[in-house]
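Structures follow.
Two complexes come next, and they have one chain in common, chain A, joined by chain B in the first and chain C in the second.
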Partner chain A sequence: MMQEMISGMINTLMGTIMSNQIHVPVLEPLIKLLAQLPVGGFMVSLLFWKAFFAALICPGFATVGILLLFFPWIERKLCGRIQWRVGPNEIVWWLGGIIQLLADTIRFMFQEVIVHRDAHRPYYLQFPFLTFIPTLLPLLFIPAGSIVAIRTPYAIQIILALVCLFPLFILGLGWASNSRFAFIGTVREAFMYFAYEIAFIVAILAMIILYGTSDLVAINNTGTWGILLNPVAAFVFFVGAAMATSRLPFEIAEADQELAAGPHVEYSGIGFGLIYVLCYEKAYVLAGLMTVLFLGGGSGPALPGLGELSGLIWFLVKTLIVMTTLFVLRVIYPRYRLDQALSIGWSSLLSLALVAVVISLGVFMIGGGAI
Partner chain B sequence: MAVEDEKNRNVHILRTGVLSPLKRWGVKWSLWPCHFVTSCCGVELAHAFASGFDGERLGTLNMGISRQANFIIVEGTITRKMARALRVVWEQMPDPKFVEVIGACGERGGIFWNSYNLTRPSDIVPVDFFVPGCPVTPEALLRGVRAVQHKIEGRDRTTIKFKKTKLPSEPGKTCKVPTSPKVLAPTPLVKVDVGRDVDWSSGTELVKDLESRLAGLYRRITITDVNRIAIKTTPEHLVELAQKLRTEFGFDHVKSVNVIDVPHERKFIVEYMVSGYKKELMPVILNVFAELAREAKPEIASLASLWMSADYSEREMHDFFGVRFAGNAGMNYKFILAPEVNTPLRKDFKLEDESYVLEDNVPYAPEIKPPLPAELELPLPEGLIEDAESKEEFVVLVGPHHTGSGHLRWILRIKGDVIMEVIPDPGYVHRTMEKLAENRLYIQNIPLFERANISDPISMQLGYVRTIEKALGIEVPERARYIRTMMTELSRIGAFFYDSGIFSLFLGHSTGFMYVWAIREMILEAMVRATGSRCTPTFIIPGGVRRDIPKEVIDMVDNFTSAIHKRLKKFEDIFIYNPVFIARTKGVGVLSRADAIRCGIVGPFLRASGVEYDIRKVEPYDAYADLDWEVTTGDAGDCLGRYMGRYEEIKESLKIVKQTVDALRRIPRGEVISEELLGDYREASEDIKGHMFDVYGNLVLPKGEWTTVTESGRGTLLYSIVSDGDSNVPYRVRIVTPCWMNLRGIVEASKGERVADFWAIYGSFGYFPPEADR
Partner chain C sequence: MKKVTVKDQSVTEKALRHARAVGVSMKESVYPLTATVYYPRERKKMPANLRGYLLFEPEKCISCWQCAFICPANAIRMKEAPNKRYYPTVDYGKCIFCHFCIDSCSGGALYSTKIHDVAYRDMDEMLTLTEEMIEQPEVLREDKKSVEYIIDKDDLHLKRRREQDTLFVEPTPPVEIPMVSQCVDRASCIGCRVCEEVCEHDAISSKQEGNILRMRIDTEKCTGCGLCVKECTMQILRLVRK
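On to the complex of A and B.
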């Protein structure tokens, strides 16, 4: 009886795992070989279980880690190029300084963590870690090609809810720091939140109207490039993303030259290390969302032999391009003032977002229903 | 201060533990210097991290905040005020942390070795590596970073030990100890209004007019030189006289406030250099002075309410001499000096003299008393916090360690997002030039003064040298005049690029910074080829220039002008025509013509408010009168106007450089130093090398006060030298730099603007703190 139940459960589990496998023709022989080993088969099928793969490998945890290690290097090199210089290249010179961020990470790890007397100690120490909740969780819902951890018809809404939590944690950081610059930065962060949030959400709403669903996998499967159907919404989304990740010209809360990094002015050591990479994670989430909503997600010419990984690669490439664009903004634009950013958010951006809704409705009417 | 115990502590942290190799590797490649610019070597620091040298190659990333950095690069002079900041910043940084000191001042004091405001960084923080140089080159700086990396790695670098050798002396011959070349009159005769017969017809009329309308208020009116009039009055009549000058004659600003201490006659001479921006008054400078008894607490009425431009200079004089200006709001606290320094410019405050023979057991440089008091905080003006709190305002202290502060502290009183008041707290780079100049030969002061502003060194030298030339009545040879003009204009362009880079950085635009600093590298290259030094060439000497410039260098300068034109296009595209830049600067920090004159700003910033005052046109010197160029003025008076005005001016400067290059190709090589000055050393007229001291060592200026104004990169630069006619050192040198005058402009323009605008305004004024603090 007991044994039957257990074997039944295992069978159900295996069934779930096996029914949702990633098919990679190139790796097929290898998988078959490994399947003959006693535990290997289970391990391999677990690894290639879409939910597991998406959450822990790509676009989830492992990718984020690798991205955080190498993307800042890409950014620094690229910005260096634009600025007539070379960027980090002395560390492992034959690789062009590619492991620069590894050195920085190690340095952060071993740096003293200072908690100053005026800080609210528990919150001050918690918040850098808590911030990872809203920045990592959305990755469960973003499909890379057909690979997604959790498929739900409410994916966009959940991601939006989490994305809107970003500023809350920054406010927490700034409040716990209890410093004057952190205070001003925190207030600015709160203001900036109001500047982009509504326009940003309305632009996404326009896309939901266009696609007729908020299931990201379904949207991804349509393979349409939303940016062609509704460029206005794409623009509003992009500007909103720049504001949300506080990139120049909207890097107003951090404003290095004005507020000396605003909310995180007091953090040192690994605390600052975590905050330093935070904006890259935020950018990754929003760029991923933009890829799915506007750039056709994982659609693209199928790469021979890679099966479903082909979509994943296209997704990653597009996401990286969007991210790079977001980050290169910082060498092109100076910083807006807070009131200017607010007026951009509330007047231009919001009206553009409404125009985007109208465009979506128009496409909806002409096309005779959702895509 | 237990600096000795702290030494190498941080390296030890890295040597302990199982993971120490990993730790060392990580820290080695991730030395983030905090953005703590302490003195003028900061210019070269910026060059080291700009496109030319790109310090980021080594993994060093300039970080704004001490908490997130682990490396301080101390740039040169640490003054008493800055010493506190340095200690605070060092304490704020997380372990393990490292310190590199660059510049000669950081080691033994360099050229400021006997200054009263100097401390040694090694007394304040543990130093890991010293890089000598004044200023250091960026290569040397980066090599210093490398050395720190090696130290972290564990590769030991023992520092150089000087070998002591005994000089062989011939038997039977006694060695003579060299004596000081200085000649000091025991009771110098100080007279600031020595009359002279000059050919100046409008001046005689003006004097007559002054005499008739100021009857009873003055003691004596003298013409001291062309365009210079001295009015002697008494402290009681000073205010009334000033009022009349201002309202009836249109003398609307003060160029300088000066105090001269004459202890043996038991008096102070308080001077106001007054001028006006009416067309006919522009070149005229009135020296209104009064003699004040040298009592315990000398006091004179302040003229700050009449001429706002006198305000900060009065505070400065109060710091220096202890003369109270009754009615000035800043008399209850030290404005630019640290609290423990009192009345240093009085003659009874003696500085250490040079020693010419190094004796055993006697330290080479003067002992500096423990520089740091227990209290590291520098006091705020009294009652500021309480007053702000009662008005529901928020006080933010910006600097001196702040990415957007420069080397001074700004006290911002803000309400919401609006600035109610900005209070400057300067003096963090006050290297006491005026005092040091009183203890050196005239010729030794040229390198001293050029260090006031190493981003625009030639103008600084030119101003001082012109004052000496004026006093001695020397004519400069034609070729030297053109070389000077060319070098001054190059220096002006360099100063603009400096400010432009800082401005774009303040607006958060690092690309603008990188572009102009890359262009600036060319100017410095031209400087090196022509003079041998990047920033401190000491090229201009009384009577001409130090040596002739070869043809190749002139050709190179010609090529550079066209290259700069080409690169400026790219800079225009990315920065000047950037919509965000225009949105940030247009209509921000507006100073109307009247306001600009009232608060006494000078130079291109004044011209941006619509005053057509350029000394190169008003009182032409060198070759400016022979060249074809125009003064740039605007009437917007906002940040964009100030910036674009300067930008247009630079284009004119490039035009001037082009013309001087053509002229220098035409004029035959040869004499570049005035022959009447060289005397017996005629053969040195092409290159002074080897005869500098012979010719200039015993320079003595005629008795009286000599004042010149020069148009430097950032505006009017005033030198006023008081000579007693006997000593070969000046009795008093007053130098008023444009940035010191522009300080008031920043304060006035910021009122009522938004917080973020402060940096736009600050950047647009091209404020260079070492120049202001001197």
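On to the complex of A and C.
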């Protein structure tokens, strides 16, 4: 009786896993070879189970890890080039300092975590880790090609809800720090939150009207470049993303020159390390969302032999390009003042977002329904 | 009070300016004009007499102390050598590399090298003795290339050569301005004959005529080194142009 139940469960599980596999023609012989081993077949099929692959490898956890390790380097090198500098160079100089962030991470690991006397100790220590919940969870809903961890018709809404949670955690950080600089930075973060949030959401609303669905996989499968249909929404989304990642030109909350580091001025050691990579994660999530909404997601000429991985590669390439563009803004523009950013957010950006909705409705009418 | 205002721009003008900024950044990301010299691995090529570490040739030194007198940072001290002459020592903790000493050296005994990265472990090491200034110092060199800055019409670019730049240059002989020692106030001379003793070229001679000692400067033999000028107790000797 018991045995039957267990075997039935295993069979159901295996059926679920096997029915949702990633097909990669190039790797077929290798998979067949591994399947002959005692547990090899199960391991391989687990690895290539779409949900598992999406959550833990790509676009999920492993990709985020690798990106966090190397993207700051790419950004610093590129910005250095544009500004006639060299960027990080001395650690493994013949590779151009590529493991700079690894070295930094090791330093962060071994640095003392100082909790100053005025800090609200439990929250102060928890918030850097808690912040990772809203930044990592959206990755479950972003499809890379056809690979997605959770497919739901409410993907965009869930991602938006989580993305809008970011600033709350930053506010928490600043509040728990209980210091002057952190306080000013926190208030600025709150202001910025209101500046971009509404225009950002309205721009996404325009895209939902255009596509007639909020299922990101369905949007991805249409393969249309939303930026061609509604460039205004793309622009608003892009500026909103630049504001949300709080990097230059909207680095108002952190403002190195005036506030040292804004909300996270008091953090040291691994706490600071986690907050330092936070904006890169935000940028990854927002760039992924932008890729799917505006740049056709994983659509592109199929790469021979890679099967479903082809869409994934296109998705990653596009996401990286969007991320790079987002970060290169910091060498092109100086920082806006808080009042300027607020006026941009509340006047131009919001009105542009409304124009984007009108454009979407126009496309909807002319095209005779959603795409 | 003058109020700074922003020039009114139309939307297209603004958009054009943004596009131009983005264009410049794209151009620079592909072909940047980086002017960084990767210092320990390559060295910037310096002009031969750009103020650097000092070297010294004792044969040319006449111990006139001009270098020590003129040093604005008091970095040069004269030290007595076994041959009873005074030679300069340089304290690099004080030296400001103005090279007034080289300019003032009448014999051209001090000269510059192209070493600009002088480093010491402690303060005592910074006092460089005369004997250490004669030999070329050992330089730990990691550089494989030499880099030259080339300035075009409006831009600057680097030219890298796969060769080490030499750090030591042959000292250029000083441009000699013919000077001669001259007594400006003969009546004040006390006849101590210090000038006669100190003169290396036998240009100064004395002749006793009864109670009067007559000093004489031979303008042909005088090289204008200024030793007598420095030593004269009454400070009545001057260097004048020949």
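FYI, the second predicted complex is superposed on the first by the 371 of 371 C-alpha atoms of A that agree within 3 Å, B and C clash if a C-alpha of one lies under 4 Å from a C-alpha of the other, contacts with A are read in each partner's own complex, and residues count from 1 in each chain.
One rule holds for everything that comes next: a contact is a pair of C-beta atoms (placed from the backbone, for glycine too) under 8 Å apart; a residue touches a chain by one contact, two chains touch by 3 or more.
Given the structure is predicted, the values throughout are model-derived calculations rather than measurements.
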Given the alignment on chain A, is it a clash or a fit between chain B and chain C?
clash
Identify the partner contact of A:Arg85: answer first if only chain B is touched, second if only chain C is, both if each is, neither if none is.
both
Mind working out whether A:Arg180 is in touch with chain B, chain C, both or neither, as first, second, both or neither?
first
Contacts of A:Gly345 with chain B and chain C, given as first, second, both or neither
neither
Between chain B and chain C, point out the one touching more chain A residues.
B
Between chain B (first) and chain C (second), which, if any, makes contact with A:Ile332: first, second, both or neither?
both
Of the two partner chains, chain B (first) and chain C (second), which one does A:Pro249 touch, if any: first, second, both, or neither?
first
Which region of chain B runs into chain C, 22-30, 40-48, 472-480 or 634-642, after the two models are superposed?
634-642
After overlaying the two complexes on chain A, where does the chain B footprint on chain A coincide with the chain C footprint?
82-86, 89, 331-333
Interfacial residue positions of chain B with respect to chain A in the complex:
19, 22-23, 25-30, 50-51, 54, 56-59, 64-65, 67-68, 70, 92-96, 394, 396-397, 402-404, 417, 504-512, 514-515, 518, 574-575, 578, 580-581, 583-584, 754-759
Of all residues in chain A, those that touch chain C in their complex
78, 81-86, 89, 93, 328, 331-333
Going by the contact rule set out above, which residues of chain A touch chain B in the complex?
76, 79-80, 82-91, 97, 100, 102-107, 109-114, 180-181, 184, 248-249, 251-252, 255-258, 260-261, 265-269, 272, 330-340
Chain A partner contacts - residues on chain C that touch it in the complex
21-22, 25, 28-29, 32-36, 38, 41
